[in-house]
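Right, I'll just put the structure down here and ask away after.
Naming follows writing order (A, B, C and D), and every chain is counted from residue 1.
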Amino acid sequence: MTVTVRPVTAADEAQWRARWEKYNIFYKRTVPENVTANTWKRFLDDKVPSYAAVAVDDSKPDGDNIIGFVTFLPHMFTGSIEDQVYLGDLYVDDEARNGGAGRKLIEYVYDWARQHDIYSVYWHTQHFNHRAQLLYTKVADKTDFVQYGKMIKK
Amino acid sequence: MTVTVRPVTAADEAQWRARWEKYNIFYKRTVPENVTANTWKRFLDDKVPSYAAVAVDDSKPDGDNIIGFVTFLPHMFTGSIEDQVYLGDLYVDDEARNGGAGRKLIEYVYDWARQHDIYSVYWHTQHFNHRAQLLYTKVADKTDFVQYGKMIKK
Amino acid sequence: MTVTVRPVTAADEAQWRARWEKYNIFYKRTVPENVTANTWKRFLDDKVPSYAAVAVDDSKPDGDNIIGFVTFLPHMFTGSIEDQVYLGDLYVDDEARNGGAGRKLIEYVYDWARQHDIYSVYWHTQHFNHRAQLLYTKVADKTDFVQYGKMIKK
Amino acid sequence: MTVTVRPVTAADEAQWRARWEKYNIFYKRTVPENVTANTWKRFLDDKVPSYAAVAVDDSKPDGDNIIGFVTFLPHMFTGSIEDQVYLGDLYVDDEARNGGAGRKLIEYVYDWARQHDIYSVYWHTQHFNHRAQLLYTKVADKTDFVQYGKMIKK
């Protein structure tokens, strides 16, 4: 299997949505349709700094070859003049695991970051998600930080 | 001691810088002068969505009454239409600890978030920073997430 | 407040039981009476290597002066000829916190360990018990280890 | 590959020592020869409650078929009349990973525990050992506990 990573295009919507839904199931959360539609629109809007890329299995036909995706966005950081990039979501199909797609999606974000003068890339994962962390320990550093959160809208 | 939290103003620069320096020492990092100057300028620029507020000891005279600060910035989130707020930095003077300033700084961010239709507020702390976490467990939820990072510029 | 730590004696039973009960409430567990009775008996039996010591507030009268306790037991270790000591339980009355009793109870175990040719002393705490860890970081090292468990009897 | 788990015997010494050495390298520690000799002797002594079992690849000849080992020991617990079992060491050859040997070694300890009226089995692993934890999450529960330790002899 050869895997290529490229930015999403409008034609990818159905394939992206199918994976976004599985990603949400993994995190046991429900995302309303208007949020998904808005998020998708933002990826395609050049004026909005919210990005998505997809991993494509080159052996499959167009329209049925997406096996994963990543989303990311730059934001300011008080400790640097350059922005940081927040890698928000990462998903690879169950049947495509261990084929290098996850690593290539992360490296795509690194490349984008290098080209856009980014200070650092960061993301989160649940401390008990060992399958993901087997990959993350190879391509990044686990920091000493844990996350606190407070819902405002609910 | 009565503590009030308010947005930073240009007159606070020296007091803020003194605490920013101590905050950087706590994290064993050096922030170049041009970064600090740029970060300060952004707080004061209404067109830049990077914010800072200070905790003021009301019993002390103007110009010598700041005892802590918080910084925060909103950014997009793929799981909501509303932005999330990233609370980036929080500092309270050693001699002002346990006087409620930390909690008031966090609650100031919550209030700002409510007024700006924010989805959630989140931040990070080192897993071994137990003094900070004694406060955080009272005002927020510890999530299951740990952080991975990759320096791009160095 | 002057605090002294000494081995338990038969006369301490009521005072120890009152604290043991609060300790179990803290951990949201119920310990059957026959277990408590057996555990207490073991502490007093010189032939059983399960030990307990109590922290005593010297300003209070005998019979009403215990403010905390520790239990510990040595066991073999494959990485040393000498035994390790497992510090199993540690409790200090809420109203006696921050008076040095917790530290003295731990140091009592260290002293016992030195006198009995022990390799190391270890214990566990919940990762979110920040109040306890503020003390532990002063007297010991947090290891990289987390604990897995499997109930056999239930 | 069919894997069987059985108690160690005197004839296993060379094979066990080879794996014990790799296990120590994994943990970046040096165990003196007199400690290894003593630990081995204890496994074979029926009067000493320190146990070891080995995983055997049934397709290989006797004397060259051990692919992993586990050690364990029962000790008292203040919260039960029955002992707990501390599973101290677990090792599987790199080339035998994902063949079920690790799980069978743990289940051997569970069986021993059931036959000896044990309350629970517990062990530790480094929080960043994700390969091990992919197995542990299938056969046991990760507790909320982290470990503190204090060297006494050094």
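Everything below uses one rule, namely that a residue touches a chain if its C-beta (ideal position, glycine included) is under 8 Å from a C-beta of that chain, and two chains touch if they have at least 3 such contacts.
Quick caveat: nothing in here was measured; it's all calculated off a predicted structure.
Between the contact lists of chain A and chain C, the overlap consists of B, D. Here the CA centre of chain A is 27 Å from the CA centre of chain B. Centres computed as Cα averages put chain B at a distance of 47 Å from chain D.
Mean C-alpha position of chain A lies 39 Å from that of chain D. Looking at chain C, one finds that residues 127-128, 142 touch two or more other chains.
Chain contacts here close into one cycle, and each chain has exactly two touching partners. By the document's touch criterion, interfaces exist between A-B, A-D, B-C, C-D.
Residues 29, 31, 34-35, 38-39, 42, 48-50, 71, 73, 75-82, 85-86, 88-89, 110, 113-114, 117-128, 136, 139-153 of chain A are the ones that touch chain B when the two sit in their complex. The residues of chain D lying in touch with chain A in their complex are 127-128, 130-131, 133-134, 137, 142.
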